[in-house]
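Chain lettering (A, B, C and D) follows the sequence in which the chains are written, and residue indices restart at 1 in each chain.
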Amino acid sequence: MSSNFGNNIKVTIFGQSHSEAIGVVIDGLPAGKTIDLDKIQAFMQRRAPKSTAYSTKRKESDIPRILSGLVDNVTCGAPLCAVIENTDAHSKDYSKLRDIPRPAHADFPAHIKHSGFNDIRGGGHFSARLTAPICFAGAVCMGLLEELGVYIGAHIASVGNISDLTFDPVNVKKEDFKKVCQGDMPLLDSSLNEPITKLIEEVRASGDSVGGSIECCVLGMPVGVGEPLFDGLENRISSAVFAVPAVKGIEFGAGFEVCGMRGSENNDAFYTENGNIKTKTNNHGGILGGLSSGMPILFKVAMKPTPSIYRKQNSVSISKKEDTELLIEGRHDACIVPRAVPCIEAAVAIAIYDLMINKAKGEN
Amino acid sequence: MSSNFGNNIKVTIFGQSHSEAIGVVIDGLPAGKTIDLDKIQAFMQRRAPKSTAYSTKRKESDIPRILSGLVDNVTCGAPLCAVIENTDAHSKDYSKLRDIPRPAHADFPAHIKHSGFNDIRGGGHFSARLTAPICFAGAVCMGLLEELGVYIGAHIASVGNISDLTFDPVNVKKEDFKKVCQGDMPLLDSSLNEPITKLIEEVRASGDSVGGSIECCVLGMPVGVGEPLFDGLENRISSAVFAVPAVKGIEFGAGFEVCGMRGSENNDAFYTENGNIKTKTNNHGGILGGLSSGMPILFKVAMKPTPSIYRKQNSVSISKKEDTELLIEGRHDACIVPRAVPCIEAAVAIAIYDLMINKAKGEN
Amino acid sequence: MSSNFGNNIKVTIFGQSHSEAIGVVIDGLPAGKTIDLDKIQAFMQRRAPKSTAYSTKRKESDIPRILSGLVDNVTCGAPLCAVIENTDAHSKDYSKLRDIPRPAHADFPAHIKHSGFNDIRGGGHFSARLTAPICFAGAVCMGLLEELGVYIGAHIASVGNISDLTFDPVNVKKEDFKKVCQGDMPLLDSSLNEPITKLIEEVRASGDSVGGSIECCVLGMPVGVGEPLFDGLENRISSAVFAVPAVKGIEFGAGFEVCGMRGSENNDAFYTENGNIKTKTNNHGGILGGLSSGMPILFKVAMKPTPSIYRKQNSVSISKKEDTELLIEGRHDACIVPRAVPCIEAAVAIAIYDLMINKAKGEN
Amino acid sequence: MSSNFGNNIKVTIFGQSHSEAIGVVIDGLPAGKTIDLDKIQAFMQRRAPKSTAYSTKRKESDIPRILSGLVDNVTCGAPLCAVIENTDAHSKDYSKLRDIPRPAHADFPAHIKHSGFNDIRGGGHFSARLTAPICFAGAVCMGLLEELGVYIGAHIASVGNISDLTFDPVNVKKEDFKKVCQGDMPLLDSSLNEPITKLIEEVRASGDSVGGSIECCVLGMPVGVGEPLFDGLENRISSAVFAVPAVKGIEFGAGFEVCGMRGSENNDAFYTENGNIKTKTNNHGGILGGLSSGMPILFKVAMKPTPSIYRKQNSVSISKKEDTELLIEGRHDACIVPRAVPCIEAAVAIAIYDLMINKAKGEN
């Protein structure tokens, strides 16, 4: 089992790339909360395939249908279920993949795990399409977090060797998120839109794909959210974020740079400002001992290049145990990073709201 | 809550740095398994404070007492409880920290979270001392994993700017782990023992501390262990590893290097060797779609410098909301990395065994 | 939260009586299992409203639509989601109930719990209609349990003051279940069909309702299923069975009769028969120390009379805090017992399969 | 696994009858709560073996030692661990039971479940001695519930064929609990002390044992505690109460009497009294739709006679698969009911506090 997340809310994701539908059940939401479905739809649109160079040509309207949990768009305390129909699934493309696994995909271990009964069509339950219900659940949580003064924003930190600016670790503001969200490319430095689009287009034209990284920030956290040991903020955020396909690493605050630092450099000194306790620097990324310090939570994730490329690749026949070659067909993004940005936000929102739902109500 | 880990076993950690004792309960272990307490003790010794430059001067015998779960050293199906007495706690050292939080420690958010009732002595439940019961539980799991042909090893990847060798990602062998484990410094390149010891000694002499990184390998994994979405191997390993204090980042396989790679570079091609399906490279770090691929699982973690340094630091009075200075006393490691190596192994062992306990019995 | 059940599988129920749809997600099913949807549909039909005296006049086709988890009716290891549309909901009937709670219904505490935002239409998430997805999940589990040689059957033990026969506690057979299932009234003694139908008809005609009891048997259990303390068979079966509305008591084996017994009477002596270890009597109802003994699991549940009656009842205005009267409209069963029989079977099937899924694979 | 309970707190029980010690870890308690250890000790004393006719002759001081979680008797937010040493274990008494299971005990299924590796001494982890840590955890929860205005009391409802009075279902008061708790026999009608003591003495003298029942009340519940479907109050209370050995049935409110009732009799009419909404009768036992109605929660449990009797019983040799006889030695209660009364209170306290911890803080 794995498609469940949460200790205080329960988020259950279901569906395969080419099943009748995909969806999510969210249990444990407080009653009486207005859910802004237009805002959720707009958020999900950021993840949806675009008619641009870098994106899959699969077309799905991806309008979630609410089956339960709301009365006149207000939560009623019952589990919220949203379903997204799979209307544009081209199952024929995938038939030969049952025996010849795609490199860097889940095909081979899924085949062994499920004794060949896994749904191979479009990657089945391992498909990145499952990020659509994650985005739905994340958007619901983001709306509820906003009521608590908590805001989440992410942007492309790099594509290939082109790096964007980063948030100011001590002074990032809610308004910074807005700049980022405009346009197909969620970037801080809009002048990078052109070179990155060009890079992705070149990569795509050569039948290849390219990786990148995403920076994410959680703003407005009260102090003391999180739990010691196994349910600290780093643990819970990682738990959620690695559900987004292609994520291969995560680092908080100064991240891997801390390895080369001295304590005297890395320690973020406390000071007071208008009666608030803050730190002068933010190497700790807003998390101390697994708990929020009140400073912006900052982390970066590494996204591998889309594994589906349009080149002949070496693979094997699982049944014959012999080497073979594979040419993947189908529709795929040449760079998953732009569409993954809202997915990272959504995953973090679920993890944070799960920890906040009691905190917000005064639980220690 | 947070001191519980596991879906198929339940590991519950308890204790504070200066409470009567610390310990762990492990529920869900199969009956009839011989537990080698000498081996566990030897493993825990790798974590124990050493009489060397880099290590805290706190002396604890750290011999776990088994309260339940074993009959003549064989598991009986009941929860296994092990307790380690706290015999060398110097509580007086910490009195003034209740109001003046140590930079880069959990003191400040823990104070707010628990309304000032947190156990401030030695960091309380947030202390790195809690890694002792994690090591106990991990050693139990490692013993049981060995029966399944799974071996775990880790080593110092770097201290400050000195980097060690890394495991060969496709050919790492069980024997490689043995080299590493000898001596106080778990290194692959033993010639680095001297310069790293010297670096730590210099840092310590200057009242400072230094960070580093650890590489860990899980060998002998059957194919298909892990679950999609939220309980994939990356999710579960991260969940466990961030319980070790000072970890600020984790990357699997090629990790953050994937950001700059093309799909054609990063994709690990499958091939057959003596009827086994392998990959020629191991950028995926043994994990595809959250599931084990059968290749060695490889990951690195970033460890921040010990936050306790012997220099005057800027901090605040929580009660007075005003700036002040702090000089930390007590006994602390100038570099936590060497003693953290077995802690990382232990955390991973718990996460893997939790996923393997059913797999080993034929569950899909 | 509450709509989740299971430690080894996860059953998530969603929906309200008058929401767009109701349904269930089952996560953790093994891959490669054929699901007989016709058999499931036939099982669900036993719960569906009948055109008889005792049953609600609500008409729902109640054909579950499978959204995910199956490929050609075979489980693929991904969560199985089934949805049942609500097509015959008459929401207007319920409008005034928001302020005037129906006696013996959840209306009043649900109003307070959810600050008046609960879905009042048809009882919302507290409606007995939610037993439809429970029956779906139970039917899936029953099919998988049959592969393990485990069979579940239940029957009406009593309606009002008319009691049926009971299963022979030591010799109940699978064939006994078949007799029971025929006809609208699941009875062991078919001659009781007429007097019970007549009783219910009389009760209905007088605008009243009547209670009863159900006996359930689980046959073919291997020895040793269940866990000590909180996850014993009694604990888990109770946990599931009390999810069926109107259940107010449960007793295993000799049940409340044990209160008056001596140990020498109650203790079931072991003996051997063809190399099998059995007990001569079955006061323990197949459960010792929370674990299956290999004897038939037997228990009875008490079902209260349907709370919705067609008589003027005393109630209150929640908002005005004053006494008032209430006359309930809508469509309701005069006796819920006949339709509850498959619900009890389904609930038990989920609880047992959750404990068996690992046991079946050799887990201790 | 089974020795864990709770969704919002986590109670982990460990130990066997004759292991080094038994104990409990409680995770998730709020910080800043004073724990009255004298009161807890007094509560546990009610469960402890007495020097009376009906009670085991095992002598244990049963003073819990607090290993963690408290600083100066105040919770600090870290898991609370309490340990009780096993000092008076007579392991020799039990040696032959490994092959010849005691009727009505867990020996036989535990042997099969754990492949003969279960701890047979004194019943191991299945021993009623494990109710000592349950009582500790329950006493902690009862203390915290009192702060919320919630009180729990139980008494002997019957022993053999002698029945005590019952609580007045609509007017039970906190003071009623105090009467009950005095003396070794927790009875409402103190005149029954003599005949019940005499009955137990006679039963004991004849080498036999006798069953009985316990009535329990939870007073002061706010309206709306509990969750729909699987985590309703009946589900959660049953889940906890069946952890007490010898419980074979549970009924809430009118319980099994509802089977013979009409809706017009069973429905508890609402009315207002000084601005509060109450019911005139309490057949529902304070629970509607799994949620507290604000009326006293009332339930009864059936306790089977102590399975250990001093008479020759028929049993089998598990290894030889042949019939044999068994004469049990050791020290056992002739009637478990008096000592089980605080155990039932404790189990309910854990279940209720687990549901209340968030409710008390304003969670819906």
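Throughout what follows, a residue touches a chain if its C-beta (ideal position, glycine included) is under 8 Å from a C-beta of that chain, and two chains touch if they have at least 3 such contacts.
What you see is a predicted model; the values in this text were computed from it and never measured.
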item	value
Pair joined by more contacting C-beta pairs (A-D or A-C)	A-C
Taking each chain's C-alpha mean as its centre, the one farthest from chain C	B
Centre-to-centre distance between chain D and chain C (centres being mean Cα positions), rounded to whole Å	26
Between chain C and chain A, distance of the C-alpha-averaged centres to the nearest whole Å	39
CA centroid of chain A to CA centroid of chain D, Å	46
Touching two or more other chains - residues of chain D	1-4, 13, 31-32, 77-78, 110, 113-115, 125, 228, 364
Residue ranges of chain C in contact with chain A within the complex	1-4, 8-10, 12-16, 19-23, 25, 27-28, 31-32, 65-69, 71, 74-81, 83, 110, 113-119, 121, 124-125
Chain A-touching residues of chain B, taken from the complex the two chains share	1-5, 7, 13, 101, 103-110, 112-115, 123, 125-126, 130, 158, 160-161, 203, 208-213, 223-232, 234-236, 238-240, 242-243, 245, 247-272, 275, 277, 279-280, 283-285, 288-294, 302-309, 311, 313-316, 318, 321-323, 364
Sites on chain A touched by chain D in the complex	30-32, 77-78, 228, 357-358, 361-364
